[in-house]
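Before anything else, here is the set of structures, which you'll find just below.
Two complexes, one shared chain (subunit A), two partners (subunit B, subunit C).
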Partner chain A sequence: MTEKKTPQLDELEKGQWPSFVTEIKKAAATNAASEDLLHLLERSYEDRIGHWKHGGIVGVRGYGGGVIGRYTDLPEEYPNLAEFHTIRLAQPAGWFYDSKALRSICDIWEKHGSGLTNFHGSTGDIIMLGTTTDHIQPAFDEFSEAGFDLGGSGSDLRSPSCCVGPARCEYACYDTLEACHNITNEYQDEIHRPMWPYKFKIKFSGCANDCTASIARSDCSVIGTWRDTIQIDQDAVKQYAADGLDIQDRVCDKCPTRCLKFNSETKELTVIGEDCTRCMHCINYMPKAIRAGKVKGATILFGGKSTIVQSAFMSWVIVPFMKMESEDDFAEFKDLMGRVWEWWDENGKTRERIGETIYRLGMGKFLRECELPPVPQMVFRPRANPYVFWPQDEIIK
Partner chain B sequence: MDKGAANPEIKDKVVAYLHTVQKAKSKDIATAIGEKKSAVDLAVKELTAEDICEYLYITTTYICIKGKVGAPE
Partner chain C sequence: MSILDQGPPDYKKMIPPIIKDNYGKWIYHEIPKPGVLKHVSETGDELFSVRVGSPRLISLDFVRNLCDLADAYCDGYLRFTSRNNVEFLLSDASKVEPLIAALTEKGLPVGGTGASLSNIVHTQGWIHCHTPATDASGIVKAVMDDLFEYFGSMKLPAKLRVGLACCLNMCGAAHCSDLAIVGVHRTVPRINDEKIAKGTEIPSLVASCPTGAIRPNPKAKSVTIVDDKCMYCGNCYTMSPGMEIMDGKNDGCAILVGGKVSNARNVPSFSRMVIPFLPNNPPRWPEVTDAVRMIVEVWIAHARKGERMSEWIERIGWERFFTLTDIPFSDKLIDDYIFSRETFRTSATFKY
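This part shows the complex of A and B:
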């Protein structure tokens, strides 16, 4: 490594947390691109501007996604970063690996790339940082041999991702891992061959705690819920009260719809089932006493995204409840996706996410043309979200 | 995306159109050649596998004749 100073980056090594600067310095000991990366980043902090441009090449033969072309705008000064492309690998559902798989990924990347990785990117993919154009196809071939495939990028279906679900979490209302795996396998063409106005993300969360933050970060959020009423174990409620939990203050008063009633004399908790919005607050507070209902499935929402053409959107409820257990249930989900994608592909402008298309053309048009019935769960409260209008030809004047 | 083989005539029309422009979205290609977009998507899938066309990312994904568009300026 050369003796060029990186005083601003060095500041980021201080403190108790792991530092990406430390990791890049380790890689720089054996990799010239990583060393240049360190100095380019210091330069960016000095100039207060990113010295990167991206775009151009996007894949290996037959693929339209999975590789993000990256180039520095200072190739004469940082020749090892003239090409520093990113490769995205599709993650296994729930991010479960054995050490052999991780070693094989790292070995391939040290051979063909900078050795720097990011586990995981915000879409959930394994991110391999920094390789040259000549190494893209050989790296892909070796990753394929090791059992990995490219993830999504560009205007395609991004790699679906899920929370850890029933593998480790008792709150999961459906098998998020199975759903994610099934949907990923079904839509290989949509992941690898970008054909839409812009990107599309699907995230699976097992309950309304929404550990994948799907409601804010995905065009289609699949959030676990239940159709009947929460199950309450009154003995466990009494135990929570005896242990000093202020159930009225901490649980009932924080319930968004005030559907829980606590009798301080009998120490019994009751629920008005039809008022419950299944937000998970009471379950999070009293997991030994309150459980989800018995009829479990998922709510399907559309439209979440960050700021692009319009400001950031949270997803809207489109299907309040759908079973997510069997292949037939997944078939229903896929049928819905087919209709929604066809509508967006037909109506969306270039670089317009589906939420923005719905916002521009109206929820009523979206629902009618995708053959989706308007339902009360689509509105926050009566008269609060007046975006569902009667079509002119249905109004009796 | 539709399954099955692409229509060879539509593949020829896609290639002919792409020779007249630098890059295009598949929706624009479908409009320009007067074919269904799903059929164009299928044709593009085969053309990229045959190394005749390639995908290109410039703020969104486009399709172009392979090698026609270089790295970003």
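This part shows the complex of A and C:
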């Protein structure tokens, strides 16, 4: 195998961006599967197709998800990739680590896997890339001992993820890390034992900048917001003006609702509170001078997903404002999730994301059956057609 | 023995003391230089985060290397971002420059803050996925090499978020990126009756097709496809290995632009297709890197300060986007799937 050349991949070791090829080669120095992976990838570069096939089900005792079976379609030529499964490990909230925890992952994966990882996968898990069926259970036992658990896969709750939140961000309107950690722990059964029509993702973003892309990437998006009015520190505004920021042009004129007025003489900034939609633009530009309001919480949206099958959906506003501060608030969120999952479980077709189920059956039915009050914040604008499904009890008999 | 359902490690044990002390107390941040964030707390404490690009697919050597640096410069603490960057968390300002020097020596790029190109969020591609229409890591490496100057500087009109998805499942959620590279198939799946008969649930396979192109073929215990109805989404291949859709001659990439997830200023938006197909041309995908660079450079030349791709295009109009970029417009760019109507112009106002 060592005589085989990888000219195309070698080309990708050049250039200034860190090279994944160099990483595979480092792993290949001590791991036969990684060495085969290098050559299989070169083969894909020649053939211009992938060489992985659908896998049989693999996993660990007690769980139905968390391990993804992967097998090459060329096992005779690349025998060390005959089995090359992925183990998903649930990440700590906010993707914070100390070196001790990271080194423990490395030591275990050196023993049981290819030596390759992703920090992180698209959903948020630590991805342990490539091991054999025999090694899955021992690897899990050791990861478990080191304090790590598996993430989700298949038709289950996928590992929730969150932004850096109050750990390092002044914009956070709720504690995204605590919410994510608390709610993830509540739903360990839902994460580890697939039981739904399809996958379900939750992402927690502390503000409308939405650094976890929750509106695009999760079935349930929890986006921090506030109910009252932004707080303005006029001294800090004056300082920004003195430092040369063109507040009128960069802040006021870019405000989507034109709710900010800058007095160029007094150098004071005022807001028409009821016109503000809390988009974050002014706060992003003037974090020292403008802060979120005091009544903080989150907007809960449902339905986000990517293109397959019915086109991409962005999540829809379902609960405009929910407090997210205390255990009681989390309980209210969990109560909502319970109703929504039950409805989806009952109505969803196989491999139908909740957004597609809601869209197929109608938002009205979803709201009624989940006991959610319809409010104008849910729509950009009301319907243009008169085709209302009237409930029979509103009809004069 | 394993412990079941213990959940993820507690983040409280993974955060550095300076964050514990100032949790929820941060009042503002600055970007003293590209790749460095300075967060200031109401207690007066200052936290410096040094952001570093990573190829996402990394070896254990790479992880241990990060650990060594974290041990040497920030008491062993670091974090990763939602865009697969690494952030070293320093409470000692005097260690920032030595850390950057050490990173630079190891070839690790510092950047990705403010009006820059951050790391490309991407999928597995030919490395490990069973449904890809293109590679992921290879194109990302080629594009990041080509646009490297924009990672370590902050000279773009606004932030630039690029996503790559190696098929329409879009694990990378490229559908709301300033610029998205998406693997696309262009040919009808080749039906392998034997594989389908072996272990496929025919009704599920038939139901998986969004356009109703797949019909049962009871004689062969398989299915048939109405070719004209197939739009090559590959959903059937996810359901059955007998619907072979990968095609080395015809698979490639589409380019979409103008998406975003942030609510700042304008509402979140989907990326829109502007180039329906570019060939898979490994190892460096020159057609893709050229197209990406061209679009980025036209944006730089014409956008106002602070305007993200979507804001710039919506201000000038998509028709002007095609004029300025000289990208040929064709009927392939006009939606003919189920939610197409809202994209047709219902106004007599437009530009040339």
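To be clear about the criterion, the second predicted complex is superposed on the first by the 376 of 397 C-alpha atoms of A that agree within 3 Å, B and C clash if a C-alpha of one lies under 4 Å from a C-alpha of the other, contacts with A are read in each partner's own complex, and residues count from 1 in each chain.
Keep this in mind: a residue touches a chain if its C-beta (ideal position, glycine included) is under 8 Å from a C-beta of that chain, and two chains touch if they have at least 3 such contacts.
Please read these numbers as outputs of a predicted model, since none were measured by experiment.
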item: Clash or fit, subunit B versus subunit C on superposed subunit A; value: fit
item: Subunit B versus subunit C as contact partner of A:84, first or second or both or neither; value: second
item: Which superposed partner A:54 touches (first subunit B, second subunit C, both, neither); value: both
item: First (subunit B), second (subunit C), both or neither touched by A:194; value: first
item: Subunit A: partner with more touched residues, subunit B or subunit C; value: C
item: Which of subunit B and subunit C A:177 touches, first, second, both or neither; value: second
item: Which of subunit B and subunit C A:345 touches, first, second, both or neither; value: first
item: Touching partner for A:120 - first (subunit B), second (subunit C), both, neither; value: second
item: Closest approach of subunit C to subunit B (Cα atoms, Å); value: 5
item: Common ground on subunit A, meaning residues reached by subunit C in one complex and by subunit B in the other; value: 53-55, 61-63, 189, 350-351
item: Subunit A residues within the subunit C interface of the complex; value: 8-9, 11-12, 14-21, 23-24, 26-27, 34, 37, 41, 44-45, 47-55, 60-63, 70, 84, 86, 90-103, 105-106, 109-110, 115-122, 124, 129-130, 137, 140-141, 144-145, 147-149, 159, 161, 163-164, 166-170, 172, 175, 177, 181, 184-185, 188-189, 192, 208-217, 223, 250, 254-256, 279-281, 284, 287-288, 291, 306-312, 314, 349-351
item: Residues on subunit B engaged by subunit A in the complex (per definition of touch); value: 1, 25-27, 37, 41, 44-45, 48-49, 51, 54-61, 69-73
item: Contact set on subunit C toward subunit A in their complex; value: 1-11, 13-15, 19, 23-24, 26-29, 39, 47, 49, 53-64, 66-68, 70-71, 76-82, 84, 86, 89, 107-109, 121, 123, 125-132, 135, 137-138, 141-142, 144-145, 148, 151, 165, 168-173, 175-176, 204, 207-208, 210, 233-235, 238-241, 246-249, 251, 259, 261-266, 268, 270, 280, 282-284, 305-306, 337-339
item: Subunit B-touching residues of subunit A, taken from the complex the two chains share; value: 53-59, 61-65, 68-69, 71, 153-156, 189-190, 193-195, 197-198, 345-346, 350-351
